[in-house]
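All chains are identified by letter, namely A, B, C and D, in their written order; residue positions are counted from 1 within each chain.
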Amino acid sequence: MIDKFVSTRAEAMAGIADGSVILLAGFGAGTPEYLVAGLIEQGAKDLTLVVNAGGRDDGPIADLLASGRVKKLICSFVRPASVAGRLYQAGNLDLEIVPQGTLAERIRAAGAGVQAFYTPTAADTLLAEGRETRVIAGRNCLLEYPIHGDVALIDAWEADRWGNLTHRDSARNYNPIMAMAAKMAIVQTAHVVPLGAIEPANVHTAGVFVQRVLHVPG
Amino acid sequence: MFKPLDRNGIAARIARDIPEGWFVNLGIGIPTGVSDFVPEDREVIFHAENGVIGIGPAPAPKDINPYLVNAGVQHITLRTGGAFVHHADSFAIARGGHLDLCVLGAFEVSENGDIANWARSPDEPVKQVGGAMDLAVGAKRLWVAMEHNTKGGGESRIRRVCSYPLTAKGVVRRVYTDLAVLDVTPAGFVVVDMVEGLTFEALQERTEATLIRGASR
Amino acid sequence: MIDKFVSTRAEAMAGIADGSVILLAGFGAGTPEYLVAGLIEQGAKDLTLVVNAGGRDDGPIADLLASGRVKKLICSFVRPASVAGRLYQAGNLDLEIVPQGTLAERIRAAGAGVQAFYTPTAADTLLAEGRETRVIAGRNCLLEYPIHGDVALIDAWEADRWGNLTHRDSARNYNPIMAMAAKMAIVQTAHVVPLGAIEPANVHTAGVFVQRVLHVPG
Amino acid sequence: MFKPLDRNGIAARIARDIPEGWFVNLGIGIPTGVSDFVPEDREVIFHAENGVIGIGPAPAPKDINPYLVNAGVQHITLRTGGAFVHHADSFAIARGGHLDLCVLGAFEVSENGDIANWARSPDEPVKQVGGAMDLAVGAKRLWVAMEHNTKGGGESRIRRVCSYPLTAKGVVRRVYTDLAVLDVTPAGFVVVDMVEGLTFEALQERTEATLIRGASR
């Protein structure tokens, strides 16, 4: 019987290696905060963190950055007055700024087996400096590569033992695409439901993309 | 004598020009206020980058749903008929040309439609890009909402050439400022509308780029 | 009040121009057959038809091809013994064969604003002859371009007046991505539901991708 | 004396090697039969290109659901826990490396793992590609199920080099034929298993490529 549930946070985070690329979902809502605390506890270091934004002075992203375990941050923006902003300006954090839609598309590309794609986003900006561009159908485009994760930290509203998930309201955001893009998608779910309880037509993230699920009642 | 519009005034002026049925993304700053000025019985569908289609009015404090925020991470409601999608699908809407309109704030707009809205200098240590570059190149039409002149020096934000790093090239269709509404055309900025009491000459005085009189002026 | 419903098939098909690219959804299930009959009736010619496969000797695709209105067929396979196979062999139909996953991804790319992408699919095959390839991350990849439609013919199970849709079971297939990829997505729906009746989290094709809806009771 | 496996025999042999929990796509032909030989209590999740995850057994005629077909357009059922996705998401599963296994039929397989399964000649007037090229390059592992020799001439389908147009290069991990199970290794085809009564020498005689004895032979 397939059963992707694990019973402890330590079990959920087991085996994350130093140097891993961590995809962290969430955008105001839908951040798996309990798993982020677990990652800090687990102790893997030299991580590359991929997340929508660099966070503020507190909260899970700030905590993870402040733990000193993150070597490189890939995100769409960083506030100068934030843990991330200060670490970067002090030379203690590598930073790759990616337009938010390109970030989402690069993550989706990793999940979908797309090896690279051209987008007009950022093609005529500073972010294109020194990079490969190409005019397609009259528009200047920038070549972008997929962002693969070793681990994705995922938030869900409901999960079954096959790892089928639903996400609540706008807490969906990066969760489905980050689960797709990582070798190991680790989920914290508010609710556990029996197999078949989620309508087959309304599964938001299919179990094929999920490796471990931890029940974290809300 | 004339009175510049305040930020709400600019937002209200923009709202007047949005017809029923459009899908619209509103950037942070002045644009966010636009939805407050669209009458409830005019169905305009607002989109947020984080996967919300059909944003409704802000909730009363007691009705806050922690799972429901907009791209500025403010609590919102969902209109009847709204939908949730994931982040890549949400940006497929933005980048795939499905938004009838995006309204962004900006530092500067140039007469060929360039927009600069994410950095005041190429050397800024920390870049704050967000989703503006995606929206700027992807929406069917891009309008900009901003003050006509900078606060301190009173320098013109309506430029022959942008002095700040670009967000995107040649994408702005129209600019709404506290003084005027300007269309970006192949010939340059055309004045569509001005606040009452302002003359074309006085507007030109406050504008670095050369303005063109609109049909009604 | 937004209302995307039209009341007749003629109204649904109005304005389709000669030379249009038509995206036709369906794969065993989910083909909008009533709209295909409407397209034949409407009379537009020199069409490019994009569809999963070339069909057989009868059915909606065969009917459309037999009408002589299709100049070019883009699909993942054609049976030699079919209307499409015979038209092609007689020199009366242009044919572009695209691997099925690449076909789906090219359609999705059109909807998502991706200007081109690299895929390993078909890179080392006859289909790559004379085309641009590139080795990325050690894999030979083929450059593929989006397939934009002027019109998409879409099947739905439920629709509301904003054009939000659900699709039933495996009748979903190409419907959501073809709706995204066309300037004008025309839908035939088995059921009409009030706005709000489809759960916001479980809309399968959002109204932003839909232009016209015709109620065709099943 | 030995008895070649029939098509069901090959399918059953493959089913033995599929562990619980794998996500599997089965091609048309012999592979389609594999699911019939996976015991019901072993949870293997079958995927179809048209967006079905978790295919169940064929329905009784009275239970046919016209909205539910597999990639061969046969009526199917959905297992409890199954899900539906659209075509691009379905091929994201196939192309993005999420299938533990794909089993395809083929005309030929070569010792470096090339597969030819879609055309018997580069000049075939009408091409029948379907989803095989996507599955062949995308799945974590590709197994092939086919007869060891051609029907008429008895020519070997296990080749040094494929003579038919390729579906994909260097992707086959293992071949199941009516005579043997062969692993594709950097050194060439290794014999993992043979039908009872068949000798290595007799198998080599029926095979164009040079075979290597497996550990147990």
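Here, a contact is a pair of C-beta atoms (placed from the backbone, for glycine too) under 8 Å apart; a residue touches a chain by one contact, two chains touch by 3 or more.
Note that the coordinates shown come from a computational prediction; the quantities given were computed from them, not determined experimentally.
Counting only chains that touch, the fewest steps needed to get from subunit B to subunit D is 2. Common neighbours of subunit B and subunit C, by the contact definition above: A.
Distance between chain centres (mean CA atoms), subunit C to subunit D: 29 Å.
Inter-chain spacing, taken between the CA centroids of subunit A and subunit D, is 34 Å.
For this pair, subunit A with subunit C, the centres built from the Cα atoms lie 32 Å apart. Across the assembly, subunit C contributes 105, 108, 112-114, 119-120, 139, 168-169, 172, 200-201, 204 as residues in contact with two or more other chains.
Among the residues of subunit B, those touching two or more other chains are numbered 78, 84-85, 88, 91, 94-95, 137-138. Of all residues in subunit D, only 20-21, 23, 43, 45, 47, 53-54, 78, 80-85, 88, 91-99, 138 touch subunit A in the complex they form. Residue ranges on subunit C touching subunit B, taken from their complex, read 1-2, 108, 110-114, 160-162, 164, 180, 195-196, 198, 200-201, 203, 206-209.
Within the complex formed with subunit C, the subunit A residues making contact are 105, 109, 112-120, 136-137, 139, 141, 145, 166-169, 172, 199-202, 204. Those residues of subunit A that touch subunit B in the complex are listed here as 27-30, 52-53, 76-80, 85, 88-89, 95, 97-102, 104-105, 107-108, 119-127, 139-140, 168-177, 204.
Those residues of subunit D whose C-beta lies close enough to touch subunit C in the complex are 48-52, 65-71, 73, 78, 84-88, 90-91, 94-95, 119, 122, 125-135, 137-138, 165-169.
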